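Order of writing sets the chain letters: A, B, C, D and E. Residues in each chain are counted from 1.
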Amino acid sequence: MTASSHPKSTAHDLPSQVKQNTGESVFNCYQCGKCTAGCPLAAEMDYSPNQIVRMLQLGIPELEEEALKTFTIWLCLTCETCSARCPQEVDLAAIMEYLRQESLRRGLVHPKAKDILAFHQAFLDSIRKNGRLHEVGLVAAYKMKTLHLLQDVLVAPKLLFRGKLKLFPHSIAGKKAVQKIFKRTIQEEEKEDHS
Amino acid sequence: MNELQQTAKDLLEKNAVAVVIGYGMGSEPSLRRAVFVRKPDQAPQLIFDESCRQNLAFYVLKPEVKALGKAAVVARTPTLRTLLQLATENQITDESVVALPVGNGSVQPLTNFAAIEQYLANVPRGFTAQEQQELAAIKSKTLADRWAFWKSELSRCIKCYACRAACPMCYCSKCIVEVNQPQWVPVPSDMLGNLEWNVIRAMHLAGRCISCGSCADACPAHIRIDLLNQLLATEAMQQFGAEPGLSVRKDYALATFKPTDKEEFIR
Amino acid sequence: MAEFEPKVVAFVCNWCTYAGADLTGTSRMKYATNVRMIRLPCTGRIDFMLLLQAFGHGADGIIVSGCHPGDCHYSAGNFHARRRWMLFRELLDFAGIDLRRVHFSWVSAAEGAKWAELVNDVVNQVRALGPYDEFPKRLNRQSLEQLCSVEVGR
Amino acid sequence: MKIGFYPGCSLLGSSREYNESLKAIAPAMGLEFAEVPDWNCCGATAAHSLDHQLAFALPARILALAEKAGMEELLVPCSACFSRLAATRYELQKNADLRKEIIDIIEMPYQGTVKVSNALEVLCRAAAANLNGKITKPFAHKVACYYGCYLTRPTELATCKRTEDPQEMDELMKVVGAEPIDWAFKVECCGAGLSVSRTDLVAGLSGKIIKDAVHRGAEAIVVACPMCHTNLDLRRDAIEAQSHERYSIPVLYLSQVIGLALGIDPRTLGLHRHHVPVRFPDAAPNASADSKKPELQLSGKDD
Amino acid sequence: MPRIGVFICHCGENISGTVDCAEVAKVSAEFPGVVHSVDYKYMCSDPGQNLIKNAIQEKKLTGVVVAACSPRMHEPTFRRACAEGGLNPFLCEMANLREHCSWVHEKLPATTEKAIDLVRIMVEKVKRNRPLFSINVPVTKTALVLGGGIAGIQAALDIANAGHKVIMVERQASIGGHMAQLSETFPTLDCSQCILTPRMVEVAQHPNITLYTYAELEKLDGFIGNFRAVIRKKAKSIDEKLCTGCGVCFQKCPNKKILSEFNTHLGTRTAIYVPFPQAVPNKPVIDREHCMYFQKGKCRICEKFCPTKAIRFDQQDELIEVNVGAVVAATGYEVKDTDFFPEYGYGKYPDIITGLQFERLASASGPTGGVIKRPSDGRIPETIAFIACAGSRDPAKGISYCSKICCMYTAKHAMLYKHKVHQGKAYVFYMDIRAGGKMYEEFVRRTIEEDEVHYVRGRVSRIYDRDGKLVVRGVDTLLNAKPIEIEADMVVLATAMVAQPDAEELAQKMKVSYDENKFLSEAHPKLRPVEMNTAGIFVAGACQAPKDIPETVAQASAAASKVAGLFSKDELSREPVVAVVSRTGPPEFSNCVGCFLCESACPYQAIEHEEIKTRDGKLIKTVAKINQGVCQGCGTCVALCRTKSIDLQGFTNEQIFAELVSL
């Protein structure tokens, strides 16, 4: 039979979104588990990587949403070991990346992931402000966001002594250009989401 | 004496070739014609400029030319591709023709197919933006307008077969239009005959045409038959990756297939 | 006024579609009478020129049908045919010939119902399009028969 | 050879010794660096965790700037930055629609002509061409070459051929007199991006790496990535606390090892900036008689 | 002038129920060229057939159209009737009034009109039919069997026992193939060599079988019934007639450290050697790459000790030309080596072995005498891990297919291990268990239930060494996808079964097709499973696709029966529906311009080059020629030919053209 007998799914289900945005099909996964077997943090995750894919394979909206709520997607280090070894050539790292972005868009971020998210946001704030990353500013901002005030206090002086910490940020001439980039990408989407 | 003339002279002096087929001045300053230089001192007859458009490759298949001995051909890119395509179709053998590439800097004789392949690997290919636009312009017409357009174009066809005569890939000793058992193409140059002739010609060149444009140049009625060829060349390239005349590999797109070829039009 | 009845010519391969149409018959399924089948060994045998001839000889619509990919009796004839059709369709379309008059299909020896459906569908479509008068026609049958009989004289 | 240079943020701060050592060895390696003018941060893990377009737009601006400056090749020493830049170039090459989108966002012309290279490939190439006869103080130690993620993954951008057991850095270390060991954690992840937010996990992952290297007799770990360095060096206390083990094995950038072998002053190479002191025990089996132990006993923890 | 007879069948009521047969006969009679037109109740009955036979004679018919049922039903009947009536059977055509008309339409004027059209179409066609004659091809009743594994052995014995000659060509020094290497076979655990070696001996002693070992196919030309093969007999460096196989030479050979191919590099052999003790023929060959005399010019110890003076250092390869009527390709498979797996250490760990290596370790005649020992230190592994699907079902590694036998032999390996090492722990990492076969599932269950082998469902991501152990990092997807780490002493990879490295080259030599994995392609996946699309060449065993021993033997016997069928007659008779290249007079001789674009389109490689020469031998032109023994008549070349110099008998351009004209 020809293509016409297999109507393409036009639904806005998560697997279709994943396919559209990453080019990866979750249906290529045959659940061998090799991704999980090689994942450095699989033991720390609430769902293992192959289970995340499984949640997207069944066509059950509740499970798809569940995937976006997992801690797993935020623990993913993007080390790409899974993608590199996948026998079915599924780029799971790319899928994880998309799920993080979607989780953030839908406001489904796992509570335990707030620290990780705060760090990423502090990181981007720092770039938005200066065009480059200011490590002291980053750590300070992160601490303010998470109230982990004492974490790393023992490390900071060492860095300072070794001349590794700059108290004042580098700023670049093209700061405006970078800010514009932020405006057109991440901020624009945030706005859209709020409207 | 320019490089082309010098190269031709050298080849003839060394008896590396018996004749150099090239472009010479035509009967009017704006016209060019093919010249057959057989003596070193005639080399200055050879010219090359923008007006030299004819694809000279088809001369190498002519028995009269073959009788002269080994030939060198002044070759623009389409001519080089023609030579390779003729080779894949068993019409010329390796090292039987010397190509003198023009239009891309140095005129370094290419004495075998491998050299031509290598030369072509570095030459840009594909249709120009203008050519693509012309095609797109017709495609964007409505069905009825396309029919009307070709009806009016083909109404001028007088079945003189100048297109065929100019085409280096039309080397068949008995063309389909001359086959009369059965009579595939009606003899009169009416709409049916003209349509069938041009459709058949386009299909017979699909996957083989190297897009030199000689057919359209030769058409006394100025019918844009090259667009039919361009359409199928583009499709063959996009659908099957066919790029005729880039190697001597036998890879005629219509004599092979992929199980995964597109078929959404088949139900 | 009598409704226009189109003439549809079907070029089919012997092993799948012809057999499929046989099955339509043995299953006593009904379809429109407008179709005339030309039986060939394989879709690979179908010269694109035959399609033009059919129009030239008064066909209003054409069906070309053979084995599904992988089922070809000759293992690959339909694959070759498919490539040819791809280009031929593009060319017809470019030349302004209505592709709704040319239908390609895979009908297997088991798909008797599909054949009936296909024929009905094509006949209906072509009937709606009306007679293909725009397409130039060959000389009429009688005069051609006279021409042909000259060479048939053996 | 003149080559474009993108230091990235960490080479100006927490890993400035990588920057310093690269610049220190450049003349001997026949390299001349031209920094991308007015470069910005590549966005690192944060950008591509949160926003798809931003993750390509930030690196694309850097590549566009390099293109504008007429660079043909860009050295990106930080493996993480390298990964972002190389991935951006690859994706934009593959996906014309995305390229158009990104060009609209950065408002700069972008062709994708600049080749993105990391320190390992540039130094390997330079070493083969220029190091002959210049090694005055062979680095005669057993080293564990640690490649981490970005030199071997994703496969289509991998610098190294044998992605599960790469050899390029090992070969380079042999050139400068070191003895690379065969070990099992060459390409395991150190925890990278979670260094600040989940130090506990990073300590676990990095701890396994250090344990295997030490267990197999390595005297130093050689890295080519600031994040790997941070996790293996700066996070050493956390690692030790979690594993209840003490590890004195230093972590060096490959440029520092080359620098030492070239006889460059350790301070110039920024060895004093490490958290774990760069010191080798006297009994090091491979240390030759004239080895430069005194010079290497640099201040570290107790500075 | 044509004289056509038209015969309209009522088929009882089947046709006449909706078609006015008398009207059809009446109108048909008026068609130009029709001299006789009748209708009758049952045309296929004897009286009906007699109507045709009589009319042929009485009306001197030059063509017959029977308008009745589908030609797929009764064309042979009516063609035979025509032949009996004295008309060439190919001058008879059928118009399908039943399946294509009366059964599918209501009783309407249009139905009868259509019936008339159908008759007219066939009348126009049959006017242009020409007498055709069956093509007869002589058959050489000798089969060439390529490969001396179990597939080749079975095929050769079956053909030979049917009374035909067989030439068997085996690349190695002995026949036996991979089956000779196996320890025990699933699911019965009978000893592989015990069941195989009698068959090997039978081959050697069979009066109808000529055996060439240490030989390869060099060239194959010709077509069904008439192949000509050139076989390269590689120099064995011994005189086989003199050699008694006493074995003194390999006892004396000083070079004893060569890794034995038969023992999968786990044991050694000498430079002059027989691959294994039960080899057939049991005569040694000299491996020149490792022989000191060939490499360094000194030694000749074997020559000195040979009691029959059979050593021949100066022996050359020999080319033997044979005529055969059929070929059976049974060239077998290879398995992927451990170096194929980056994540499992690129083959650098000696204690990671392949399944085939495990067979040798488990074999009583193997390098360890059947004791499972680690290659690295000879210790008996206390924990062993088996990894199924190593390379198979792994598109990322370029192998998307299932190797089919691994599930079973892995279960067998685990079971054999447990039988030999009672206290040992065995793990099997698997994705799915495919145990379809007689007593197969029961066998796997026995491994799990009785031998307590631990089956873990999940792929292994990585293996690395730690203190002399192999750390296997897997996952149990049945246990909430929990990462599992096993410290094993030995790991056995069930590595993928792949085509022989030179399978593609062999296929090209034989001009047969092969798939993307370089396995040879059968002519039809369901209905012609042992034929190849080049007539006269058959396929058996794992060179076609991974398969186990019972399937291989079944396919080999099937191929043999096909060969025996082909050899049952002296001549092969074929329908003359084949393509022909037209020839004309000088100076062109043929409209074919020799572009040979048809050559690659032909699914059967039936197109040959024919040189047209002048009387004094000067080449005028090279044109296409159809080998009528090979052509199957699909007509793809006909449609492709620009000059229409190829035509298809029975479906000529003229015929089809006339059908269209008559519309």
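Of note:
In this text, a contact is a pair of C-beta atoms (placed from the backbone, for glycine too) under 8 Å apart; a residue touches a chain by one contact, two chains touch by 3 or more.
All of these numbers come straight from a predicted model, not from anything done at the bench.
The pair with more inter-chain C-beta contacts, choosing from B-E and A-E, is A-E. In terms of the distance between Cα centroids, subunit C is separated most widely from D. Comparing per-chain C-alpha centres with the mean over every protein C-alpha atom, the closest match is chain E.
Taking each chain's centre as the mean of its C-alpha atoms, subunit A lies 55 Å from subunit B. Averaged C-alpha coordinates give centres for subunit B and subunit C that are 34 Å from one another.
Within subunit B, contacts with two or more other chains are made by residues 181, 184, 254-256, 263, 266-267. The residues of subunit A that reach two or more other chains are 2, 81, listed in rising order.
In subunit D, the residues touching two or more other chains are 163. Those residues of subunit B whose C-beta lies close enough to touch subunit E in the complex are 89-91, 171-176, 179, 181-182, 184, 204, 250, 252, 254-256. Those residues of subunit E that touch subunit A in the complex are listed here as 343, 389, 393-397, 431, 457-462, 473-477, 480-484. Partner subunit C is touched in their complex by these residues of subunit E: 1-2, 32-33, 70-73, 96, 98-101, 103-106, 108, 110-111, 113-114, 117-118, 121, 127-128, 513, 523-525, 533, 577, 601, 603-604, 632-636, 638-640, 648, 650-651, 653, 656-663. Contact residues on subunit E toward subunit D in their complex (touch as defined above): 342-343, 345-346, 348, 462, 464-466, 471.
Subunit D contributes residues 9-10, 12-16, 38-41, 43-54, 57-58, 61, 104-107, 149, 152-155, 163, 187-189, 191-194, 196-199, 201, 205, 234, 237, 272-275, 303 to its touches with subunit A in the complex.
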